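Structure, as structure tokens:
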Amino acid sequence: MMIIMKPSATPQDVERVIEKIKSVGLAVHLSQGVETTIIGAIGETHSLPTDTFEVMEGVETVQRITQPFKLASRQFHPENSIFPLDGFTVGGDELALVAGPCSVESRSQILETAHAVKEAGANALRGGVFKPRTSPYAFQGLGEEGLELLAEARQQTGLPIVVEIMSQVQLDLMVEYVDVLQIGARNMQNFNLLRVIGETQTPVLLKRGLSATIEELLMAAEYILAGGNKQVMLCERGIRTFETATRNTTDINAIPVLKSLTHLPVILDPSHSTGHFDYVAAIARAAVAAGADGLIVEVHPDPAHALSDGRQSLKPEKFAAMVRQVGQIAEVMGRRLATVKIPAHG
Amino acid sequence: MMIIMKPSATPQDVERVIEKIKSVGLAVHLSQGVETTIIGAIGETHSLPTDTFEVMEGVETVQRITQPFKLASRQFHPENSIFPLDGFTVGGDELALVAGPCSVESRSQILETAHAVKEAGANALRGGVFKPRTSPYAFQGLGEEGLELLAEARQQTGLPIVVEIMSQVQLDLMVEYVDVLQIGARNMQNFNLLRVIGETQTPVLLKRGLSATIEELLMAAEYILAGGNKQVMLCERGIRTFETATRNTTDINAIPVLKSLTHLPVILDPSHSTGHFDYVAAIARAAVAAGADGLIVEVHPDPAHALSDGRQSLKPEKFAAMVRQVGQIAEVMGRRLATVKIPAHG
Amino acid sequence: MMIIMKPSATPQDVERVIEKIKSVGLAVHLSQGVETTIIGAIGETHSLPTDTFEVMEGVETVQRITQPFKLASRQFHPENSIFPLDGFTVGGDELALVAGPCSVESRSQILETAHAVKEAGANALRGGVFKPRTSPYAFQGLGEEGLELLAEARQQTGLPIVVEIMSQVQLDLMVEYVDVLQIGARNMQNFNLLRVIGETQTPVLLKRGLSATIEELLMAAEYILAGGNKQVMLCERGIRTFETATRNTTDINAIPVLKSLTHLPVILDPSHSTGHFDYVAAIARAAVAAGADGLIVEVHPDPAHALSDGRQSLKPEKFAAMVRQVGQIAEVMGRRLATVKIPAHG
Amino acid sequence: MMIIMKPSATPQDVERVIEKIKSVGLAVHLSQGVETTIIGAIGETHSLPTDTFEVMEGVETVQRITQPFKLASRQFHPENSIFPLDGFTVGGDELALVAGPCSVESRSQILETAHAVKEAGANALRGGVFKPRTSPYAFQGLGEEGLELLAEARQQTGLPIVVEIMSQVQLDLMVEYVDVLQIGARNMQNFNLLRVIGETQTPVLLKRGLSATIEELLMAAEYILAGGNKQVMLCERGIRTFETATRNTTDINAIPVLKSLTHLPVILDPSHSTGHFDYVAAIARAAVAAGADGLIVEVHPDPAHALSDGRQSLKPEKFAAMVRQVGQIAEVMGRRLATVKIPAHG
């Protein structure tokens, strides 16, 4: 961390900054130029807020040199994190391909979808049971009944299930049923939730907040990793910008940027990042071409009657076409679509 | 709600949309033009998602005419909501002036600050005890001990206390201690939290999310109002934009826009919306000139040693100067600063 | 265009809107509901600003149904526009691959680069001679001398040259030398410039402004098309958002959205849209996978000594590796890299 | 400027950076820490792009310490710039109050408006004659005829006239007629235009681009100042963000930030920054309360029939009411509304 002093800073101002650096256990490097004095704070600075110094007399600005995250950083963990997920691995050569409806709506809907996405090439099943809805008057999900239906779908298809958790009071229930805990965009900085999930050993799919920076996403992952849970996948799902032609703006840059900053697997959600089924396949191909480790896609057998997100859901046959294209791109990238076997007892 | 059909829509497409409108209990108004057919869905549409129709064959786009919120809307409640807060009222002629440190750090810090802001003209005391911190390595707040210190400060000064709640598991504890429950920007769409707070009768200060639209803020308020809790203040605290000269961009437009859309009181937080103490007074004056019903400001007796947000905290003497300026602007606007008496038992 | 009246609108308000619609030569469709009256204005509305009606008494809001552009719209021109460019075509099966330095700096630099990018597979050469620089103290380009050097490079390699024009006073000079006139992001809404370029027959590469919407980009193209020049390529080059990890945010969604809205060719500039050479290849692959008709990429023989944009320029050998990857993705997409023959007189 | 090296940088990498710093005439300050080496480049760095070093081997990042602008900076010119404008001064105690229609439409319209705004308290008249319109099909302005009408209005009222220039080919004509050259948001980075205007001695009103940072606005001013024209007013007119409730987002923070960074006068345009007449007065009051040196406001005698921007134009009587409120706020701020006398020959 570098503290850059104002041209008008007095020797006493400089002295006070030096004292403060020492008081938090860091070493000092002083560089006095003609125009400016710069003071380096050397040591374990990743946990030190920059405003510790910014408020001091004579300080112009403070620049962080080292990243404010550590466990998530590729600097300290150069190899990709690869972890198993019911018959395939995430973060290595195999692509994760999570598909399913926005909400679990009924037994027939989720079972039909599960079989259809499995057949089309998906290796995990998504489905919401507690839904974060902007309006208090909209469908809020089936709750525990939905979890039971998902478990049945898993038993029949062998697909591991990915479900969003919205509150720490749902944790025990969720951990009992699901294979991957999804943290939604609106909860990316629900630090209480991150902390308790960090204390479990259930794999996590952490979605980027709709106006979170890449650094904030990595800091959120750091919360979970710091608790001891190392199985975290990051998910780009579109950010909020001035453009209104699509629901969100897919930050495709985030794929190569994240792959260079962190060892954690990175997947992309083209359904939310575009908001329209017409654009999902193009962005799914782009994500894999950019180096993503997987995709999470909304699929519904009858989007026109979906209780939520129908506009961005693919019909199973369109999803199957998308998977074929994605598979060809994956091959160019030296990756492959992993497949999941139907369980013997299924 | 208007459903605009594509030029290529068939009579069958039109018929299916009409059926769907009727199936959800709404009336139909059909307008067939040379280029375009428009179908109006008339009735209680504020709870109906637009994508109900957007996914149907032949539909070009769907436009909402009525607002998607109702209890928060000035259309259905033309008079300002005014509610009492320990000796003064919010939303009427009196300005709310909430001040205090980002975090409660110690007994002496909070008591000293409480007396100083009271003397300077504040009529409520803020102070965080559970802190949402971007880094898992930063100071996370004193918890219940902090609440007890705030209660002591209230007893001595008579100032009602405003404290952020971060999770529904903290609700019982919070309701016991605090006068106003603050919902932070990161939790504005934590719908589980909004719902349980809606079931209490404790006044609420709801902060706008850093990339939430004005409409989404009103929808979040709607969640609380729908639960039966009518005492909700809205708080503009800056939005995230491309500009990096300040921590956030104060959306000053939000003040007159909110005042025209809703009957709820609207206050502004110039500390977070600028991120720098140098700019707080200018933006506080601007907010009152634009019609805000109050301010919430970070004040710390020694910002250089604050455990959080020191860079944007005012020293008590600077806060006192700000209050004098704000008082003059308030007078021009036909408003006044309310004062709180020290309680007899204090 | 639909004019939605307020619930409080009087019959006189409605009558005045109807009169106004008729006065501009449009037909009227009136739809009176229980809550709301909607008035449709039918006919050639694409040139009519919505605020014609928004300012009238009793009007709640005005919704445009038809797009505000026409010549650029795929609705009126369903087939892709394909036009020739010195030995290959843009907008069809062949991918445009424009490469070269940000600025022409010297004879040896531009000739060396031209040969290197040609060998690597580029089919057009870019190079700036009048540079839009944020700082008045930065290198501003070689001017006409640069054009002569580019012409020499074209003669030696056969590559058509793409050069940015910054002002209408440069038009005659530019048209004499260049094969494609590039309009930079900062000039996308320099309407005087668009108009005079529309009167030439030189192909145009129109870059999206850094905060322009997709609709505004198409309106800017409309200016050129309206003048009679039909050879316009659109270029996504990144938009400005809150994210600072990259120089801009590549709006990859813009590729499929533009391809569905317009018949004009769409290319992507991964150098500007990322701002860092490390990310250029990943985003180039993503663009082609998303359906782009080409790429424009900054290549410099010695980025560390470039006079501008060195940080985002590829060395020729990295560019060659990128072209190989892009070629494989193109094949999956049913496209191919066009090659340009060295001219007999070269 | 500080060059921060990667932990993996070799001594040769460090040596090469040091050579480069020396080669551009700067002095070197070397600070070698345990984790990181930092190299300071000391001297006239404001004209040196950071990517000079960012592309070098072993460099992690480059931080600018001094501002990249100089003539516009308050650091080198601590006193406010105050300059005369036909009977009053801008930048001192008097507030500039520029008012008038978006476009000059006819003799009666501009004369009527000029008299009305003069009577209401305006001290300068605005009016567009070359209009930057998003659509090629919209009204494009009266051109030179409009300038003659504005000159007549000036003769009758004594109000200096402020007119937007769109292209350098209009310069001679403009300089002959107008008192203040306005540079519109879309031309803020039209560097050719900035440069030629810098060579005149006509006062300038420079509007911030709709996605320009505060630093970029100051760099644009630097272009004009570097040419020798010192009479530049800056104008905040709203930035583009995700919020759609208003046309733009007024960046009210920009007022105190600019006042601290530069000595140039700063005014605000509440008509464009809100886009709706209902919000103009509130934001005009806020601007003056925040410390703005003036306002520029759209006024039209009959907004419902304006050829452009009717939705955001005030009627003269609403403008007069706004001026009264602004005058009271100005008084609190120790400022006053300047008035212009009708010329003897008027």
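Read from first to last, the chains carry the letters A, B, C and D; within each, the first residue is number 1.
To be clear about the criterion, contacts are C-beta pairs under 8 Å (C-beta built on N, C-alpha and C of every residue); 3 or more make two chains touch, one makes a residue touch a chain.
Predicted model only: the values in this text are computed from it and were never measured.
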Of C-D and A-D, the pair joined by more C-beta contact pairs is C-D
Report the chain whose CA-based centre is farthest from the CA-based centre of chain A.
D
Measure off the straight-line distance from the CA centroid of chain A to the CA centroid of chain C, and report it in whole Å.
32
What's the distance between the Cα centroids of chain A and chain D, rounded to whole Å?
40
State, to the nearest whole Å, the distance from the C-alpha centre of chain C to the C-alpha centre of chain D.
27
Send over the residues of chain B in touch with two or more other chains.
211, 240-242, 244
Which chain C residues qualify as touching chain B in the complex?
2, 4, 7, 27, 29-36, 38, 40, 42-43, 60-61, 63, 65-66, 75, 211, 240-242, 244
Chain C-facing residues of chain D, complex:
46-47, 49, 51-52, 54-57, 68-69, 130, 132-138, 166-169, 186-187, 189-195, 210-211, 216, 219, 222-223, 226, 240, 303-304, 306, 308-311, 313
Quick one: in the complex, what on chain B touches chain D?
211, 213-215, 239, 241-246, 249-257, 260, 273-274, 278-279, 282-283, 285-291, 325, 328-329, 332
